[in-house]
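First the structure, which I've put down as C-alpha cells, then a few questions once you've had a look.
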Amino acid sequence: MSKAVSRYPVPKLEDLPLDVRDRVLQVQEKAGFIPNVFLTLAHRPDEFRAFFAYHDALMLRESGLTKAEKEMIVVATSGVNHCPYCVIAHGAILRIYAKNPHIADQVAVDHRKADVTPRQKAMLNFAVKLARAPEAVTEDDLQPLRAHGFGDEDIWDIGAVTALFALSNRMAHLTGMRANDEFYLLGRIPAASK
Amino acid sequence: MSKAVSRYPVPKLEDLPLDVRDRVLQVQEKAGFIPNVFLTLAHRPDEFRAFFAYHDALMLRESGLTKAEKEMIVVATSGVNHCPYCVIAHGAILRIYAKNPHIADQVAVDHRKADVTPRQKAMLNFAVKLARAPEAVTEDDLQPLRAHGFGDEDIWDIGAVTALFALSNRMAHLTGMRANDEFYLLGRIPAASK
Amino acid sequence: MSKAVSRYPVPKLEDLPLDVRDRVLQVQEKAGFIPNVFLTLAHRPDEFRAFFAYHDALMLRESGLTKAEKEMIVVATSGVNHCPYCVIAHGAILRIYAKNPHIADQVAVDHRKADVTPRQKAMLNFAVKLARAPEAVTEDDLQPLRAHGFGDEDIWDIGAVTALFALSNRMAHLTGMRANDEFYLLGRIPAASK
Amino acid sequence: MSKAVSRYPVPKLEDLPLDVRDRVLQVQEKAGFIPNVFLTLAHRPDEFRAFFAYHDALMLRESGLTKAEKEMIVVATSGVNHCPYCVIAHGAILRIYAKNPHIADQVAVDHRKADVTPRQKAMLNFAVKLARAPEAVTEDDLQPLRAHGFGDEDIWDIGAVTALFALSNRMAHLTGMRANDEFYLLGRIPAASK
Amino acid sequence: MSKAVSRYPVPKLEDLPLDVRDRVLQVQEKAGFIPNVFLTLAHRPDEFRAFFAYHDALMLRESGLTKAEKEMIVVATSGVNHCPYCVIAHGAILRIYAKNPHIADQVAVDHRKADVTPRQKAMLNFAVKLARAPEAVTEDDLQPLRAHGFGDEDIWDIGAVTALFALSNRMAHLTGMRANDEFYLLGRIPAASK
Amino acid sequence: MSKAVSRYPVPKLEDLPLDVRDRVLQVQEKAGFIPNVFLTLAHRPDEFRAFFAYHDALMLRESGLTKAEKEMIVVATSGVNHCPYCVIAHGAILRIYAKNPHIADQVAVDHRKADVTPRQKAMLNFAVKLARAPEAVTEDDLQPLRAHGFGDEDIWDIGAVTALFALSNRMAHLTGMRANDEFYLLGRIPAASK
C-alpha cells in the first residue's frame, strides 16, 4: 500500500525550472495545496509545460460549454477509464464549478443516470463513446449533438477535452498518480466551496 | 432530470405490512433517514423480505471478512457495474466501517489502485471477475485467495456478496433507484462518522 | 473431472433444519429427485431460506408473464452467463411449462433466433441486456417493452427474474454447482413431460 | 416465428446436380432425415461441394483427436458463437460419438465446467480463443497443448476444425439456418443412439 | 523473429500432388511469385483443394458485387481480425482490382472512414458485424443492405466472403502464415499495377 | 465520400499566427508537403502549439527507445484504435526511421506477429494494453519491460507516447482527419526513402 504521489521521483520545488515552479506556486496559492498532477508531471518539465498549455488552451477558453460542463466531460470519461486521480481531483472541481455537491459522484459512476440535462446527457454520451471506442465515432454521432444546439466549435471542445483526458488518464495509470487527500471533501459542504 | 426515488410507486409507511414497516422504521432510527432501497423494494413486500433476509444472512454473519471488507466488495463490484445507488450508499457505509474517508472513492473507481492490502486486492480481483465475467471463474481463481489465507467459507462470502449485489445493482438500474442525499457526505468528516 | 454436486460440503438431509428439510423433501416428492441447487445452498440454511423466498415471491406470483415466459428469461440470461446448472435445470422446467421440447435449447443458444413471439423477443432482449450490461439500461429500453403491451409490473418481473438469476448464476459458478442427470431429458419426450 | 429451413430458397432434390443429390441422399439414408445444412447450402452447389469436401477432409481424416473430440470443438466454438444450428446438430453428433447423453449440453454452455479431461479442456480453451479472439493466439498458446501431448498435426486439426466452423457458424447466422427437429433428441436416450 | 512462411513444414513443389502443383504453378505464373497461402495450405492437399474450390466458387462467380468489392470485404474483415497475411495480401489484390493505391490501407484500418460509397459502407458494416459478432446479426441487419439495392444473392455473397475469410484468418493466425514481401508494394505505383 | 482534410475549416497559411505558420512551413520544407495534422490542428493555434510542443518534447528527446521504436508505438496503438491518419502517416515515418518497408503494415495489423525483437514485442504489448484498457495496467505490467532492460524513463516514454497518441487518435476521429496521399508510398521503395 504505497502512498507515494507517483511511481516516479517527485522533484523538489527549488529544483524546478522557474516557469514550472511559478505555475506550481500559483496553483498552490489558489487551491491551498499542490495537486499531485503538478508534482508528477514536473518530473519532465517540457512535457509539463505542454500538458498545461494544452489544458489551459482548452479548459479556459470561451466556449458554448460552461466550465462545469467541461469538468463533467473529464469526470465522465475518467470514470469509464477508471482513473482514480482524475475522478477524484476533477470531481472536486466539478462540484465547485457546478455548485452541486452530488453531481460528481453521479457522473463518475454512470453519466446516463446523473442529474444532468438532456443536452448534457447527449454531450456525455458522445464523450464517453469517443473515450472508449473512438473508432466507432462517425458523422452520425454528431447529429444528436447538433439537435441539442451544439455548434461545431462546441463539438470540438467536447472531443478535445475527452482527448486530452484520454492522455491524462493514461499518464495517471502509468505513474500510479495519487489523488491528494484534500480533493475528497472539496465542494461537498456548501460553506466549504465558497 | 427526475429526482424520483424510483421509477415505481413508493408506498407510504402506513400502507406497508407491519413487519416491513418495522424494518423501515428501525433503519430510519439508526441512520436518521430511510435509505431509498427500502422504499423502492417495499413496492413488493415479499421481495423486500427476501432481499433483506438474504442481505442480513450474508452481511451480518460472522466471517473471516470484516464488515468493511464485505462493503469493499459491494463498492468494487457496484463500481464495475456502474450502479449509482450502490456505489454512493455502500460507499458511505464502507467509509464508516473502515473509519477511512477516502477508501470508498478509491475502490469504486479502481480497486487495483486503492489503498487496500494485497489480501484485499486478491479478494476484490476475484469479486470483480465474478461480477463481470462469471463464466470465466474456475477452480484456478481460488488459488490466489487461498494463498492469502482465505478459507472456503470466506470464499463463499466473497462470492455470495458479489452475487447478491449483482442482483441489487440490476434492481437499482431497473428501477432507476436514486441515492439519498444524506449518503454523499456520510463518513467523510472524522467527527461526522463517530 | 470431479462429479461432485458442489465444491462445498453437501449436508445430509437429517442434519438440515426442519423447515429446510421440509422444503427439500417437497421438491423431491414433486420432481422425483432433489435438484442440486437445494443441496448446494442448504450448506447455509439462512441463505437457502432467503433465496427460495425470493424465488417463490417472484416465480410463483401472478403476473402478466406466463410461467414459461419467466423460465425463458432464466434460460436466456443464464445462457449468456454460460451457467451450466441454470441452463440445464431451467431448460427442463421451460420445456415442461411451454410444452415444447425444442424451445429451451434455442433460447439458451441464441434467443434472437428462437421460436418465440416478437413480444417474447423484446422481453428477452431487455433481460439479456440487463444481465450483461446493466449500466447500459436506460428509460429508452422500456419503450419496446411498452410497445408490446408490457405494463410496469411486468417490466419489474422481467428485470427482477433477470436480477435473481444474476445472483443464482454467480452462486452456481462459485460453487461449481452440477446439474442433476435427470434434467437433461425432462420435457424432451412428449409422454415424459406429462 | 418463421420455421423456414433457411432465409434462402431450398432446392428440390430433383433439381440438384447429381453429385450433390447423391451426397444428400447418402446422408438421408444414414441419418434417416436430411440435415438442414445440406438443403441450405445446396442453394449454391459449388459452395456446397467445397464445404463438404473441407468438412470430410478434416472431420474424417485420421487424427490424434477422436471423432468425439472434433465434435466437442465444433460444439464449444459454436456455443461461444451462439449458433443454434451448429450447437443443436453437432451436439447430437457429439452425444452419439461420445456415447454420452450429457456432454453436448455441458460443452455448449461452458466448456470450462464440462465433464472433459484436462487434455480436452486445454484443447477447448485453445479452440474457443481462436474462435473469438483469433488475433490473440500466439506461439505461447501452443505450450499448454504440447504439454498435454498434442502434436503439431493435432494442433492443426484443432485449429482447422475451429476455422471451418467459424465459417459454418457465420453461414448459419446469415441464412437463419434452422436445426431439424430430429437433432434435439438424438443420442439422449441410450437405446436411441445405438 | 522467425521469418518462416508457416509454423508448419512447407512442401517442395515436386512433392505435391499433380493437381495441387498445377494450381500453385498457375498462380506463380500469373503473379510472378507463389503467395504463401498456397505453400502453407499445401501441407494438407485435401484441405488445400477444398479451400481453393470454395475460394473460386465465391470470388470468381458473377455477382452484384464487383471483384474489388469482394476484396474490400476480405480486407475489412481481416482488418478487424488483425490478420497480417490477409490484410497485406488481399490489400494488394484490392489495390489492383480497384485501381486505387490508397483504398486498401483505408479499409484495413477503419472501413467507416474509407473512401467508399455509402452502398459499400453498408456492405462493410454488415460484413464486419458478421465477422466479429455473428450472433448479433438478425433479419434487421438486412434492411440497410436492401435499401442500398443489394439483392438476396448479393447478401449471400457478402456473408459468404466474410465467412470464408473467418476461416482463412484463423488458419493464418494458427500457422503464423507470413505475407510475401512482394505484396507490400503491389498496386501502389500506377505503372507497377498494370 | 468527402475528401476534405478535416471536418473543420482549414486555415490559409497567410491567416495563421507567425509561429504556427513557421512550424508549418518547416515541415513542408522537410517533407515536401504539409501533413494534414498540421492543417487540421491549426484551426486552433493554441492547441496546435501545445500539441506539437508535447510531440517534440517526447518524440525528439534522447531516450532508451530509438526513434523507430517510438513510431512503432504510435503505429501499434493507432492500429488498435483504428485511426487512419495516424496509421498511414506514422506508418510512413516508421518505415523511414526503421529503413524497413514492411514493418509498419505488420505492426499496424498485429504487433504480436510483426518482425520485431522480443524486447520490442514487450514494449508494444504494454503500449497496446495502456491504449485500450488503461485501467488494467498495474505494477505487474512493468515486470516484463524491466526484464527486457527498459528503465523507468524508458517506461515513461513508452507510456507517454501511447498517451499522446490516445489524444491524437481521438482528435483524428473527431475531425475526420484525412491522411495525405503522399504518405502511402513513403519509405516503401528503398530509393524513395533516402
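So that you can tell them apart, the chains are marked A, B, C, D, E and F in the order they are listed, and the count of residues begins at 1 in each.
The working rule: a residue touches a chain if its C-beta (ideal position, glycine included) is under 8 Å from a C-beta of that chain, and two chains touch if they have at least 3 such contacts.
Predicted, not measured: the structure shown is a model, and the values here were computed from it.
Annotation of chain B and chain D: jointly contacted by C, F, touch as defined at the top.
Because chain A and chain F share one sequence, their contact can be compared position by position; here over half of the interface residue numbers appear on both sides.
With respect to chain A, maximal separation of chain centres occurs for D (centres as means of Cα atoms). Taking the mean of the C-alpha atoms as each chain's centre, chain D and chain E sit 24 Å apart. Here the spacing of chain B and chain F, counted between their Cα centres, is 44 Å.
Centre-to-centre spacing of chain A and chain B amounts to 28 Å, using the average Cα coordinate of each chain. Shared contact sites, meaning residues of chain F that touch two or more other chains, fall at 82-83, 110, 113, 135, 173, 176.
Across the complex, chain D meets chain B through its residues 110, 112-113. For chain A in complex with chain E, the touching residues are 135-136, 138. Of all the residues in chain F, the ones that touch chain E in their complex are 1, 3, 79, 82-84, 87-88, 91, 101-102, 105-106, 108-110, 113-117, 173, 176, 181, 184-185, 188-189. Of all residues in chain D, only 7-8, 43-44, 46-47, 49-51, 53-54, 56-58, 61, 81-83, 130-131, 134-135, 137, 139, 152, 155-156, 159-160, 162-164, 166-171, 173-176 touch chain E in the complex they form.
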